[in-house]
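Take a look at this one; I'll ask things after.
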Amino acid sequence: MNKLLDGIIENNRIWTKQGKVATYIPELSKADPQAMGIYISALNGEEHFAGDYSTKFTIQSMSKVLTLMLAIMDNGKEKVFSTIGMEPTADAFNSIINLETKNKQRPLNPMINSGAIATTSLIKGNSSEEVFNRILEFTRKATGNPDININEAVYESEKHTADRNRALAYFMKGTGVIENDVENVLDVYFKQCSMEVTCKDIARIGAMLANDGVVCWNQERIIPREVARIVKTIMTTCGMYDASGHFAVHIGIPAKSGVGGGILAAVPKRAGIGVFGPALDEKGNSIAGIKMLEELSNELDLSIF
Amino acid sequence: MNKLLDGIIENNRIWTKQGKVATYIPELSKADPQAMGIYISALNGEEHFAGDYSTKFTIQSMSKVLTLMLAIMDNGKEKVFSTIGMEPTADAFNSIINLETKNKQRPLNPMINSGAIATTSLIKGNSSEEVFNRILEFTRKATGNPDININEAVYESEKHTADRNRALAYFMKGTGVIENDVENVLDVYFKQCSMEVTCKDIARIGAMLANDGVVCWNQERIIPREVARIVKTIMTTCGMYDASGHFAVHIGIPAKSGVGGGILAAVPKRAGIGVFGPALDEKGNSIAGIKMLEELSNELDLSIF
Amino acid sequence: MNKLLDGIIENNRIWTKQGKVATYIPELSKADPQAMGIYISALNGEEHFAGDYSTKFTIQSMSKVLTLMLAIMDNGKEKVFSTIGMEPTADAFNSIINLETKNKQRPLNPMINSGAIATTSLIKGNSSEEVFNRILEFTRKATGNPDININEAVYESEKHTADRNRALAYFMKGTGVIENDVENVLDVYFKQCSMEVTCKDIARIGAMLANDGVVCWNQERIIPREVARIVKTIMTTCGMYDASGHFAVHIGIPAKSGVGGGILAAVPKRAGIGVFGPALDEKGNSIAGIKMLEELSNELDLSIF
Amino acid sequence: MNKLLDGIIENNRIWTKQGKVATYIPELSKADPQAMGIYISALNGEEHFAGDYSTKFTIQSMSKVLTLMLAIMDNGKEKVFSTIGMEPTADAFNSIINLETKNKQRPLNPMINSGAIATTSLIKGNSSEEVFNRILEFTRKATGNPDININEAVYESEKHTADRNRALAYFMKGTGVIENDVENVLDVYFKQCSMEVTCKDIARIGAMLANDGVVCWNQERIIPREVARIVKTIMTTCGMYDASGHFAVHIGIPAKSGVGGGILAAVPKRAGIGVFGPALDEKGNSIAGIKMLEELSNELDLSIF
């Protein structure tokens, strides 16, 4: 198995040259475009890995999966999905158009930026610090890694270059989708995106989802089974932005990407997978990460379809 | 099991009053809004049914599943998906906007009208009669029902009220997506939509897909495994139009609806399901059909997620 | 004055190289990209001209001005503008988006293709032949040129390459904007676009509008004063497609362009102007034609603002 | 003449009941919906007035005319119109869509909110206080009224309810249209909108534009002739938002409205007109104000077309 993973890394290294490291957040542009890592956390307890599996990177949009779980547990699914839709969209992850054109002015789903910011605004807490701390603690619990923290440089960088996210948030404030103070909500959002993880950490989150909400190392249930199922479903239809359909056809596993280069995948009943590769394709997904998952899915017949 | 199905019909009959029979094709408006049927064709050979399972209705958009299979087998998946995309959309099934706004001017996926018309244009044949006959024969083979035929009244009705579909087709002709004569392509499209089926017929098609391309009654493979997988995936992400995300979360089964009131569902490795109920919701999906599938999925734990 | 016009032609000849002759209608691509002509028909009876002022070219979208006059006279302004809007748009002349997105699904104005096709559908007549003959007779009357006729080759070429216009027309048929048979309406539309004119002819139409509806050579009123004013206003706000704002600021004269390379302009109380130059800019307007009008407007202080 | 104006007020009072006072800025909702005023400042020095012509109201979007003049004088027209377009749009005054969909991501024109905020960002000054003071001084000069000042309550109200304008501004910051600090730019924008004027004041601004940039009472030129012409042109094509086409056809005078209920109009070579009526139509224009201008234009033949 480790040999298989080593091979997958080598077979797909060539793809890193086709992609580009994210530059719109200056700190992210410092990543090594050729880095590649993979980590599998199987539900039977086995763990396999290869490449730069222990390199730290920021979780970015993969955090949307965690905040969606918290928001549903805090508010119930009815409240969450009357505020944010659950429909995939062919528009880009940072698109603002549907907020003006769709009748109900809801963000279309929790995996695009508008929907994710609205999701974060629903998480309970007496202050933005408390809200973020709840997200951080939940992330540590889901990964079994008490050392997870934010990368301060990335957080500051996000905060100062987030004009499009500010536009999305203020638009939603104007239409009533967001009820809280916009700057507080955005501060939590920038922090959640700046949490540093490894392939192992995200594989562990994927394993918990694959295991219907129970972490593998101590059998603790941290989210209800229904929440795990909802999240996996939305990852499948919306998790790879406007390449979600392509990913479903070619890989067929619930997954969520982040512009830091990570992809978090959950193979129901079998395993969580974390891959890493900071060179991105034009949709904002890790280019080598997708190719590694495609080869792995074909080799091990992982598609759910 | 039959008792379960009888119960599901009764439990959800109330929903038929919330929906409306399609009226834009005059012939469709004659359907009984209170009709409800269900048919399960399990891969182990068992068949179960209840309600109006033997009532005939036109296949409508469920035919998009059949033409997608034929188009891929005729042209290869590369050709099909360079002509038509595979991304879900939050726009309505008959929307024309993306044909103008998206860079490549491809229809977004084969399950919305624009993409389905383009798919039909790719099916081989020396004349539009030959193309349709190939679709009809394939449908008879996939259902094991040699008596399937078109409802002439519906076909004529479609043909004379299809201004929006004509607009979609001429737009795609103008951008080069469709290369054949538009009126010929549309004629095939109207005919494929007018084929009459029962819940049993569509359950059989679902069973073939669930069985990775092999029909259950004689173990004949009629499509390659990969084609079956692609089609099930696209049904999951795009099959219920701009309610696909909602359907995936609440039911979690690859499915395709038609405005005649049918829904064709494929539970991988387990069964095909056909449901029927002509009263539609505002998205154009059978309102009671969705509710019956939701109850069935919950009862039998059918979600793939 | 003739010297001024000769100079304007020479000063702006260089612009012809920046533009391209229309190619989407094959016949139009045969035009000489370097041709340039200008004709002024002053209300005091003076006429001035230079360059290829007697070269024939097809009237194309300038015919929208004539059909708008007829449609208003046939139906009254209330009927016309409840069917077609009078608002300028930043979308291209052949855009279909607003037909789906704007609440009332009306074409935005009579100068873009959708609105012009709807306008033609409102002109009275017992057959499409009669409708077109009324347009032809009106054009002959407005120009004082009984020899105007259609260019058959262009008409056939339009008819066989008009997929986008067909899409617009069928879309409007589907939403009820067009009530007549679509192919009949389009046949009239292709014919009206194929009428052959010279700079002199279009200058004469402009002079009639400048003179509030009265032709100069025999003082016959051919349209009411109010119709002339409405048409000049809509030419100002919408006549140069999505470059109308730019044209208003830089030239400031009511005008309408055609992809054959002509621009018809009406300087209120003073003169009609016809310019010609088949090389078009990216918006579909004659590139040298605009530059000639700009120089002329500056020299003679023609802006209405 | 005063009798004519009195009659116009009475004839159109009924329209005030069809409209609604703006409520999205809470302070504005306190206005008297039945108030109506009119003031004419003719270039020959005559002044006429009727109704609530001396009632103060906030200038709101009519300030866009003043900032456009300053921005052009500060930067030249090339710089201004390479940053902001000059094309009318059929979208609403606060629409954000075109900022994402149009190729160059420029706001379409300086009369809609996005374009006006970008225009303000171009006005020179070492601080936002200095920028606003320049606008205030210019407004006092253009009106001949040294007492003009901001309404502090409206300014505070704008500042706290301007989520949509914030969204527009941050979006443009993200695409590079706005280079300055967004909150500073918005602070100036809210202040410029909060300046209090009367019908007389805005009639005076209109007279200056009608007089090609020269104020009537002391013959001082305060803007170049070309700037006056550009501004009048853009008022004609874009000044009444997505009702600009309707206004041009029915009234035919360069004009700009504000949600405070004012309309500033400039009849070239003849007069400036200020009308007031806080009840607005659905496009955000004074409903009785438009009707009063329509009657006045018809009575005195003021259309420029």
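We call the chains A, B, C and D, going by the order they appear; numbering starts again at 1 in every chain.
Note that in this section a contact is a pair of C-beta atoms (placed from the backbone, for glycine too) under 8 Å apart; a residue touches a chain by one contact, two chains touch by 3 or more.
The structure presented is a predicted model; accordingly, all values stated were derived computationally and were not measured.
Identification of common neighbours of chain C and chain D yields an empty set. At the far end from chain B, in terms of centres built from Cα atoms, lies D. If each chain is reduced to the centroid of its CA atoms, chain A and chain D end up 46 Å from each other.
Separating the centre of chain A from that of chain B, both taken as means of CA atoms, is a distance of 32 Å.
Centre to centre, using the average C-alpha position, chain B and chain D are separated by 54 Å.
The multi-chain contact residues of chain C, meaning those touching 2 or more other chains, are 101.
For chain B in complex with chain C, the touching residues are 95-97, 99-101, 163-164, 166-171, 173-174, 182. Note for the complex: chain D touches chain C at residues 85-91, 98, 102, 108-109, 229-230, 232-234, 236-238, 242-246, 248-249, 252, 254, 268, 303-305.
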